[in-house]
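Next come two complexes built around subunit A: one with subunit B, the other with subunit C.
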Partner chain A sequence: MNQVFLPWIIISSSALLIMLFTAIKRDHLYTSMISSTALLVALIAQLLQVKTASYHSDLIFIDAATALLSALLILLALLLSLLLYPWLKSLNEPKEEYYMLFLLATQGAMIVAASDHFASFFMGLELLSLSIVPMIVYQDKNAKALEAAVKYFVLSALASAIILMGIALLYFYSGSLSFSALLQDTAITELASAQTSNIAYQVAILMLLVGIAFKLSLVPCHLWIADVFEGAPLPTTALLATLSKAAIFVLLIRLFSSGSWQQYPDFITILSLIAGASMLLGNVLALLQTNLLRLLAYSSIAHFGYLLLAILAMHPEQALVSTTSLAAEASLFYLLGYTMTLLGVFLILMLLASQQSSLDFTLERLKGLFWIEPSGAIVLGILFLSLAGIPLTIGFVGKFYLTFAAVNSQLWWLLGTLVISSLLGLFYYLRVILMMVEKPGTVAQKLIVLNPSSVFVLSFMALVVVGIGVFPGPLAAFVQSIIGS
Partner chain B sequence: MLMELIAILLIGALLASISELIAPALAKWVALLSLLVTLVPLYSIVVLASNIEQGGWIVDESTLWISRFNISLHLALDGLSLLLVLLTIFMGLIAVLSAWREITYRCGFFYFNLLCSLAGVIGVFCALDLFLFFVFWEVMLVPMYLMIAIWGYDNRRYAAIKFFLFTQAGGLIMLLSICALVLLHYQNSGQISFDYHDLMLHQLSEPAAFWVMLGFFIAFVIKLPIVPFHNWLPDAHTQAPTAVSVILAAILLKTGGYGLLRFALPMFPAASAQIAPYVMIIAAVSIIYGAIMAFSQQDLKRLVAYSSISHMGFVLLGCYALTPLAQQGAVLQMLAHGVSTAALFALVGAIQYRYHSRDLAQLGGLWQVIPKLSAMLLFFVIASLGMPGLGNFVAEFLVLVGSFKVNPGATIAATIGLILAAIYSLRIAQQSLFGPLKLGSSLDLDGREILMMLSMALLLIWMGLHPQPLLDLAQQSVNLLPAGAK
Partner chain C sequence: MTSMLFYLAAGVAIIAALLTVTRHNAVHALLYLVITMLAISLIFFLFGAPFAAALQIIIYAGAIMVLFVFVTMMLHQGELSVKQESQLYRPAQSLGAILLSTILLFEVIYLLSPQAAVIITPDTRVVIGAKEIGLKLYTSYLLLVEIAALLLLTALIGAFHLGRRHQENSK
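So, the complex of A and B:
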């Protein structure tokens, strides 16, 4: 067994440990500590081997870039797990199972990100999605959560079925389920032209795209996301919005940075349309929302539209400068910036929610937050500026990379769409900030109780978002050394 | 030295926001003090400037920032930048003084934002790395936005968002242009660089130069602002508190003119020359449109805001006449307009503080009760209409002389703007100062306000009577413009 699997072993064995432990004696605090410690150890183990990681088998492919992105996934899970304890403590439900599901979902995400075969991909995907379903409906007396869970489960199963059908067709056509083998095929021009004219191949690719677009909630497969975001408990939503989407995107980055996709013009066109439509529609729909969670849901559609731009920039018809790694670095930075920022937003919302009985996050509830609870509001404000891509935040670094890569690949129409949709996006992000600096209403109450873990998480988020925003240099050089090599 | 300048303001901003916890009244003193402290590095810069030969950079400091893209913290100062930095600090002092009484709600955070935006503007005037320039360009918006959104008048939210969106639209387009410029330079030279000097070495070829130039141009004229991108300005000014109006009119609009002179013109001389005739026509339209709109306003602040649009038209006209004379006029116009319009906004703010109204129809006969304020208002109104002997006249005259031989049509049209300026300016004086007294209050200017007004008045008189030192400083930069050398 190779040491690259050490983080995996730690995470899955701690999930099993929690399962056993719960069967013998339920103890919320210990369970919480086990899961956080396991994630921390896994993160350290993962970070230690980022530079040296190299493993390739039929099912799994891990190189330095994948290892780095896996570290990001573990980091997201770790930060989230730190705030699970206070939230779960306030619930009248059995608590320990949530940690188990949480760790399993993390494991699933890591498998997806490192998969090199449709079998491992599908297994990871199902582990991820199926763990999330019970996490959505964890409070079983909540009608909205129930609705969200049913919606997510049915649609997710449908998407999985479509992916399976696509896999089957692809196997029927090519006789291989390995990503590496399929990617090698794309590089052969004759084969590529044969493939693009073959109906079975086209349908298979289309079906896979539909499935992936569903998981990433890209237009036109985005209808589920707002209801799930609104109905699901906040930690689950956070997991879904960051970890689960990021894992699938990590895989996409890898698949795209190695094939020769420019030989498939139809495919590129469809992807461009999806990207453009997601950016515009996501932001337009977000404009209309008065519920913060729905707003974040639609903005997440738009952000993954932006991310697709980075993917598309990897295979330009004509680049200004031929750099191999710029677009891959851009997608990584944007993904890092967006997931960290969004996770931060969710963590603050969790702090707000743990003091309130109702889970209704209307924008009104943030009114005057800045004057009542400055520390939380300042961090939230910075995070929203980061989502909007204002300089000196990590969001801007991502956006700058993205623009740079897209200009290099001369994706002018998509860049035009990016400008317009960024402006739309800015409008509603500013509205949130505006709401926070409004003069507070009559009911002025302390919303956040600061305990050590929440202080740590808040300051860590602010530090990451502003720190990398102001000094992106070292990280940029590090990422370049990993991806460029 | 420039880093210190910016650092002093940022530290001052932090101190101001902390000092509120001790005593709310302390914040304004901290703000005032930190602005005064900046005079120390500024003084040594001015001393350096007086020793230096014609042309070249007075201060030039650079530190590597992001090695991946070869981006550095490159701050430098030449005559043009120095003039604008001096204007920024001076107007910052005026803004703090004019907010002295008006801002009572959470003043610590207000002065924090004020100083941060000043730091951002100074960064814009000094940055010679395009990435850094963009960062400052965007960052200075956030505190401005917050100041309008929190301390503004009734319709402040709408105005604040509109202000931010317009500028951000320009900013994003400029970001695309910067990326394209850098990548094209990379393609030509094989090295990636955001540095101004490096990028100047390789002139882009057509048609890429045109599109890249257009991105910069749009961003800058939105900021100036020029018709048809002017829409944000009247709202922002009307809703902003006095101090913010002062900053907005005196400094923020100048970043647009500065951008044109520093980046758009020298980097793309051929493309600029190509669009110059059209731009001059747009400038003339802007001058006349702004003047006509100013004439039809009832709200004093809106009136002054539209007059700003008209005056900034002269800056654009001067920049694109592509003659050294007109460009010097444009620089002088930026300074003179900065002072005179800021003074007008401060006076309108003072009137509003006393009468809770800016409506021309409700005011009248102020001279009978508050003669000092009225005299000052009359002085600055006359300055803004371009009375010989004051700064605005010299500036507008230079612009018109410099542009006449290039584009007589647009210049003559712009001259009509001067007549219209006389009409709307005198209307301010006539309707508010003379006639029957409508609102009673006899609180005249106090010592603080007199100090503000007199210093601005003296500055304008100095600019009008002896503009040569300013022109010399500006000349260094203007002569560097390749198009200007013709």
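So, the complex of A and C:
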């Protein structure tokens, strides 16, 4: 086996190790330590080979960019795993299974992000979604969690079936399931001239798009996300919103950055419509939401709408400046900024939740948080500013990059939609912040008990969000060197 | 000739699948689902993959169907379902299933008869048997086998966690 698989081997074997360990003796603390250590070691192993990684087989394609994104995925999982212990401790459930499912889901996300073959993509996707289902319904006999799990399970199975049918049609068309063979097939470039004649090919791509749009909760397929966000336990929601979506988006970038099939005007039109509708509808739905989790769910629809802009900017009809990697850089930067910020928000909510029994997060509950728990509220405020895209945060840099890429590719209509929906977004993000600053009516009570790991995670988050927001240069240069190479 | 046999089997598969999703009774739906599986297995056989066809029957029509029947049995609804079950086994109910599976049976008999072998072989010179599948699985697709193992592990852990709770509830 090649050394590029080292992080994979570490992560999946740590899941097995936890299983064996649990079979002998259940111990929550050790399990938590094993999973965090394994993720840390995997992260180091992954980071060490970012510059040098280059592996290509039938199933898997790993280059510097994929290695960097895999490192991002492991980092997200690592940060989340550091806060799993206090959250799970308060549950009246067996806890070790959660870590196994968590590690296996991380493994699935990494397989999806690195796959170069429809078979490995599909298996990775199933590994990811199948491990998320028990994690959604993990907590107790909570009716909302059950509803969320059933919704996610049925709809995700349906989306997988649609993707599978699309894959089958693509195989029927080209006789190959490998991305590189499929996307760089000369027969397909010939098809570009006579594209209207081949219905099967178009239907196949459309089916793939529908399945991926479901997994990313883009507009026509977004109905499940608010209920799942509301019903699922917080760490699962965080995993679903960051790790799973990021992995699938990475795959979408892969599909779009090579080959020529995506240049057909029909697909561009459909994707533009999806992007525009996601931005607008996501923000409009979030506008008057009083439940914080539903608000985050709708805002995540909008953010992935923004991200689609970067994908659309990848193959411009006429570019102002001819840089090949600008759009890919923009999408990577935005993805990094958004997932880190959102994860930070969920981590703070997890800290809030572990102290209180009620599960629903209305905006009212954040009222006066600033006066009760200044450190937590400041970090949460910074994260929300970053989500809104205010300068000096990573969210601004991401949005700046995105706008730059879109201007470069002259996507004027979508840019207009981006501006309008960002303004809408500003309204509800600031509403959350204002709610926190308001004077509390009731007696102040300590909401968050900070332990060393949560202090570390929170300060790390704030540092990343503000640090990269103020000095984006080094990271941008690094990303550029990796994508450009 | 192969294409005619294929369309016949595919037609049976589609009709049976449609009947599966439109039945009101779970057992009837299962019956048609078995026929769908058998028809698909026949299609595998036609295309020169006898091993895949056998697996399709053993795993889907055999093992998974038994699981389905077990689940349906466990969801037994008492008095009401006993009353329904007396309606269930009228011979008239099985006519559709018998008809569809008879078509498949005739196809198999035709395929196994000596004169069919002459007609079929030119189209399907490559026979994909257990050896070819095994070679593929354990060389170029080895990683997929490993991912499938992880997938099964996930399903196992999930089912264990969810199932255990039901046990505790009933105590």
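As a convention for this text, the second predicted complex is superposed on the first by the 473 of 485 C-alpha atoms of A that agree within 3 Å, B and C clash if a C-alpha of one lies under 4 Å from a C-alpha of the other, contacts with A are read in each partner's own complex, and residues count from 1 in each chain.
Keep this in mind: contacts are C-beta pairs under 8 Å (C-beta built on N, C-alpha and C of every residue); 3 or more make two chains touch, one makes a residue touch a chain.
No experiment lies behind these values; they were computed from the predicted model shown.
K.L.:
So in the superposed three-chain picture, is A:Y138 touching just subunit B, just subunit C, both, or none of them (first/second/both/neither)?
P.N.:
Touch partner of A:Y138: subunit C, not subunit B.
K.L.:
May I ask you to decide whether A:S120 touches subunit B, subunit C, both, or neither, giving the answer as first, second, both or neither?
P.N.:
second
K.L.:
After superposition on the shared chain, which partner residues are touched by A:V407: those of subunit B (first), subunit C (second), both, or neither?
P.N.:
Once the two structures are laid over each other on A, A:V407 reaches subunit B alone.
K.L.:
With both complexes overlaid on chain A, does A:W371 touch subunit B (first), subunit C (second), both or neither?
P.N.:
Touch status of A:W371: first partner only.
K.L.:
Quick one: classify A:L130 as touching subunit B (first), subunit C (second), both or neither.
P.N.:
A:L130: touches subunit C, not subunit B.
K.L.:
Check the residue A:V437 against both partner chains and state whether it touches subunit B (first), subunit C (second), both, or neither.
P.N.:
Only subunit B; A:V437 stays clear of subunit C.
K.L.:
Based on the superposed arrangement, let me know which partner A:M19 touches: subunit B (first), subunit C (second), both, or neither?
P.N.:
The second partner, subunit C, only.
K.L.:
Identify the overlap between the subunit B-contacting and the subunit C-contacting residues of subunit A.
P.N.:
None.
K.L.:
If we count contacts the way the header does, which residues on subunit A are in touch with subunit B in the complex?
P.N.:
Touch list, subunit A to subunit B: 320-321, 371, 385, 390-392, 396, 400, 403-404, 407-408, 415, 418-419, 422-423, 426-427, 430-431, 434, 437, 471-473, 476-477, 480.
K.L.:
Show which residues of subunit C lie in contact with subunit A when the two form their complex.
P.N.:
140-141, 143-144, 147-148, 150-151, 153-155, 157-162, 164-165, 169
K.L.:
Where on subunit B does subunit A make contact in their complex?
P.N.:
So the residues of subunit B in touch with subunit A come to 64-69, 106, 131, 134-135, 138-139, 141-142, 145-146, 149-150, 157, 160-161, 164-165, 168-169, 172-173, 175-176, 179-180, 182-184, 186-187.
K.L.:
Give every residue of subunit A touching subunit C within the complex, in rising order.
P.N.:
12, 15-16, 19, 57-60, 94, 97, 100-101, 104, 107-108, 111, 119-120, 123-124, 126-127, 130-131, 133-134, 137-138, 141
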